[in-house]
Amino acid sequence: MPLKSIRQALNEALAQEMRRDPRVIVIGEDVAGGAGSRGQRDAYGGVLGVTKGLIGEFGEGRVIDTPITESAIMGTAAGAAVTGLRPVAELMFCDFLGVCFDQILNQAAKFRYMFGGKAKTPLVIRTMIGAGRSAAAQHSQSLYHIFTSVPGLKCVVPSNAYDAKGLLIQAIRDDDPVIFCEHKLMYDLRAEVPDEPYTIPFGEANIVRDGDDVTIVALSRMVHYADEAADTLAKEGIECELIDPRTTSPLDEDTILESVERTGRLVVVDEATPRCTMASDIAALVAGQAFASLKAPVKRVNAPHTPVPFAPSLEKLYIPSPERIAEAVREVHGYVDEAR
Amino acid sequence: MPLKSIRQALNEALAQEMRRDPRVIVIGEDVAGGAGSRGQRDAYGGVLGVTKGLIGEFGEGRVIDTPITESAIMGTAAGAAVTGLRPVAELMFCDFLGVCFDQILNQAAKFRYMFGGKAKTPLVIRTMIGAGRSAAAQHSQSLYHIFTSVPGLKCVVPSNAYDAKGLLIQAIRDDDPVIFCEHKLMYDLRAEVPDEPYTIPFGEANIVRDGDDVTIVALSRMVHYADEAADTLAKEGIECELIDPRTTSPLDEDTILESVERTGRLVVVDEATPRCTMASDIAALVAGQAFASLKAPVKRVNAPHTPVPFAPSLEKLYIPSPERIAEAVREVHGYVDEAR
Amino acid sequence: MQLSREQLLTAYRDMVTIRRFEERVQDEFSKGGIPGFVHLYAGEEAAAVGVCSHLGPQDYIASTHRGHGHSIAKGCDPAQMMQELFAKKTGLCGGKGGSMHIADLDRGMLGANGIVGGGPPLVIGAALTAKTLGRNAVAVSFTGDGGSNQGTTFEAMNMAVVLQLPAVFVFENNQYGEGTPYEYAVGSRDIAGRAAGFGLPAVKVSGDDFFAVHEAAREAVERARAGDGPSAIEVDTCRFYGHHSGDAQLYRGKDEVRRLREDRDCLKHFRRRVSEAGLLDTAALDAVESEVAALINHAVEVARAAPPPDADALLRDVYVSY
Amino acid sequence: MQLSREQLLTAYRDMVTIRRFEERVQDEFSKGGIPGFVHLYAGEEAAAVGVCSHLGPQDYIASTHRGHGHSIAKGCDPAQMMQELFAKKTGLCGGKGGSMHIADLDRGMLGANGIVGGGPPLVIGAALTAKTLGRNAVAVSFTGDGGSNQGTTFEAMNMAVVLQLPAVFVFENNQYGEGTPYEYAVGSRDIAGRAAGFGLPAVKVSGDDFFAVHEAAREAVERARAGDGPSAIEVDTCRFYGHHSGDAQLYRGKDEVRRLREDRDCLKHFRRRVSEAGLLDTAALDAVESEVAALINHAVEVARAAPPPDADALLRDVYVSY
């Protein structure tokens, strides 16, 4: 199978779905770039090149550059979705949700329920998450917990190119609003990706590696750090089961619970800050539903409760590291439950 | 001590602080009402009357009616705070954060950190939360988890008039941005409230009742439902310790952990939806730090993962009830940990 | 444009339906039959009907928190609406939306909206669907004078111009947003003029005069349908009730409402106009009134009798699939 | 207004400082010394300096992602700025903000802003502080042509008019927002005209001409200081580099940048103007150049040598107290 980067996988997913279904459109700031300029059209193809080339094949009517106007972009996408298109809108950085969240939170997410089941809002919002590029406090956040918390939204956090393609096609075909979170440090990450279209169902976790000692649930880029940590730990004789939920809403609760029922020990790794985010969500799930199997405290590995610092030296401390993950696993592994 | 409603307590707190400090201003939509009209000034005094009368004493320069323009209101408040005022801005319903969240998330909350500690942003945002008035999906949410998750913000959820006054005065004197969440069904709730100004520190929970069997942590209006449930349970011989954290950020972790270390059993009650919200946050805290003491699964009582329905019959099912709380407590109380 | 007798009767019937619907809602609300908040449209009927009489079922509108009038003008069934306001299973939204979220996608009514400024961006989306799928449909947003100051509304106008979409922005200037007069809240005091600055044709018309609204809307809708882009219309109008049922209206001048009802009632204006011009006689107009009265009575009876939603509706329809 | 020799030299020095600062940042960035993203202001100097020369330390500005020029014009120390860009402990923000969040509250610089449209609402707040505390200060927001389409910017203008605040909205129309020309993104193609629709005096001036900007800003700042409310100024300008350092600029016409640098260089214009009018001689201008060259060299040397932030800075200054 051909090796493709996440960027390529996403681009391919978009192109294939646009070919298949004329109702699929792409809309956002510089998704092509150069609209009405003296230079080239498709000058950007998205700020990190994910939508490059689409305008050549599908034209200005379906690859729509917009002003800097996120509320109008999200509203346009929501309004178009509920009237018959299947828009893929781009929110360049998830940090920008602050200028457009109403159209997601109170409009797109709630139409179906408020209108008594009569609306369908097949909308995808592609957005970038993550720290690690010294992009500082307003361009580095991992805000998927906010989307996850909103009833009516689905939320996807792919960690590799194969999943990225299958999940994006699923998102486009899905009849509900989906937030698709791309980690900005992973676009060049390659994996084997089939040329033909395929889907990966939402709510089905990927078991990245098997192990009986400790369960690690990790999200997005943290899957790779957790895998690194697991390699180290394997050499120490600790076998980790690594679970990548792939979608935070719906969340594959069963796979997580089954694993913890077997291992009795859980570490959750999430690049987001610690309060009211996914690590606490999963920890609470397990504390409520797999308590009988738990042999150690549930450990969370998060960024600290701070904004993302600019300086690379601080940012490196900010992002959970393989070392911190390994340390957390060692802790829960070495924990002796005196009562049990 | 005189009995005062939460509405009165808040109004008194505002008036006393405005008297004390000329830098305190109130700004929002119809916080007075009738600006430039043929009728009366102070025609509203806030849609539910909390700011009534302030304009009479403090004038238009300090009780500022605005257009419907939440981004400008929050931005004005943030910009004013960082340059020397101490604004109390009103976000009428917390549901409206979607049209103005950037000024809170990326501006006010992050100034101090991004600017290397050189900024102070003494800003209070008063906002209404909660279901129960058939105000439907866009006027009934309890979104304080979103504020709680943001580093740089503090978040207050008072449950009674005494706390409301002390916490609001604290919020106004505090040098950080504070989100002050008022439950719309509690404005008429009365308690003994001293006439003189006083403060309640942030991050200090209130132990509403003592008990050794089960710890209940409940927030905002749910404190009262939990108390009702505890009354019922007391008759059945189950003694609950009821903790009202009063502020979700900072959170008084110690009081919660100490209680669970004693009771070994925890139920968290939160009117918010279940995913990535305060109940999971507190459950995760305990699963991580009081695991050794836990004798039963941590139970969460939340609204379901749905928007808030309009019909009163459905809304009643939506909001956690004293019955559901009691049932959850009975479950954890009756749980037998076979391993321990 | 000359309206046919049929068209005149339809317009009058729609306006009277709105008026009587709202009067009755006020009544039923005070009697406790309607939960939540209601915002009544009485006084503004010429705006909704003047605009929507140019729209067909394929066209879209997005409304505001004050959405009953737009719904009726766009063809929603008043009985189903009333059932919704009464929070009944058989309501337009199954009792889950209520007044502030009343919607009827089958009739191109994209919903009342509890968020001021929530609708205009959605309308751009509906207009984009029309353009992309070659549907020749038009999308209209209704926004208040208060909502005209919301950033989302401005963004929607700019976007509509940039993409040259078949959209019409109707600003219902009923003088107040809650208790705040537009003269205070709209810095320029000129909503149409400000809209024009965004690069779209914009006019201000009197909402007392159905015919003035109708004519301005005809031009705007035709322009949109012809592919010539968006327009804006400011309708100078007034509301006969408070912001919501229960508003003490202290911000109003003494006698203000009484005088509005006397001088600025679009129904009265309409009757006078068509009578004086000999277009419709009193008997025909009165026949409409009784027809509507029966309709509204029926709507309330059905609404009262209808069952509440089933308990399992609480968890249904959050997603299509999950 | 006639500028004194002193004022002319200061203005020139500030503009040259910005130009050389940016050229050097581009250089150091490509050499890998500066992490993250940088957006360079070269080409637009007359805008920042023309406006800020009317402001004192008590006045406020809010900037954009392209904030180096505004910072220097408002009096920030280029050495401390460079240290910040190099992510050093001794930088203006202790290395925690970087280019996109560079700020200096002591000098009334409320920060660059990573959010397009983030600044204008903040400026209203600063203006409100000035008005409330009777400080006689003025607050200025800088916004790009792209940012002129953001809802927050529109809301801020309306609010400033409603509250009659001492604010000035400067729109730096450098023709592009990222790769999108303003002719496409601004529906009306007229930023000043659109601003005027909000009820504030608005003019468009050439950013090639320091004196034109200076004069327009003088009027606007005086109006604000006199209590006569907000104004807007659109500056027609151009950027000499890409959107950020690393932008391939495919959206530009062939030779576009070369021609801009030839025809539209505000520094060249300034030199020519003051030389022809006999206001400053070449020697004086050249002396400024060498002075600035030394300053920038020094800034980079200090920045390179400075230490990174201490590890515990990660957790510090999230709150004043927690």
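A, B, C and D label the chains in the order they appear, each numbered from 1.
By our rule, a contact is a pair of C-beta atoms (placed from the backbone, for glycine too) under 8 Å apart; a residue touches a chain by one contact, two chains touch by 3 or more.
If you're wondering where the values come from, they're calculated on a predicted model, not measured in any experiment.
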Original post:
If you walk touching chains, what's the least steps from subunit C to subunit D?
Top reply: 1
**OP:** Name the chain whose C-alpha centroid is farthest from the C-alpha centroid of subunit B.
**Re:** D
**OP:** Provide the C-alpha centroid distance between subunit B and subunit D, rounded to the nearest whole angstrom.
**Re:** 40
**OP:** Could you grab the centroid distance between subunit A and subunit B? Build each centroid from C-alpha atoms only and quote it in angstrom.
**Re:** 30
**OP:** For subunit A and subunit D, let me know how many angstrom lie between their CA-based centres, rounded off.
**Re:** 36
Original post:
When you check subunit B against every other chain, which residues touch at least two of them?
Top reply: 66-67, 69, 71-72, 95-96, 98-99, 102-103, 106, 110, 113-114, 136-138, 151-152, 304-307, 309-310
Subject >> Residues of subunit C whose C-beta touches two or more other chains >> reply: 93, 95-97, 101, 113-115, 118, 149-152, 155, 158-159, 162, 184-187, 318
Subject >> Arrangement of touching chains [line / ring / star / complete / other] >> reply: complete
Original post:
Quick one: in the complex, what on subunit B touches subunit A?
Top reply: 71, 95-106, 109-110, 113-114, 136-138, 145-146, 148-152, 249, 251, 273, 275-281, 283-289, 291-292, 294, 296-300, 304-307, 309-310, 337-340
Original post:
Which part of subunit C faces subunit B closely enough to touch in the complex?
Top reply: 35-37, 87-88, 93, 95-98, 100-101, 113-118, 146-147, 149-152, 176-181, 183-187, 248-254, 256, 308-309, 311, 313-315, 318
Subject >> subunit D - residues contacting subunit C, complex >> reply: 149-155, 157-162, 184-190, 193-200
Original post:
Which positions of subunit C touch subunit A when the two form their complex?
Top reply: 60, 62, 91-97, 101, 103-106, 110-111, 113-115, 118, 120-133, 139, 151-152, 155-156, 158-159, 162-163, 316-322
**OP:** Would you pull the subunit B residues touching subunit D in the complex into a rising list?
**Re:** 23, 25, 61-62, 64, 66-67, 69, 71-85, 87, 102-103, 106-107, 110-120, 151-152, 154, 174-176, 203, 250
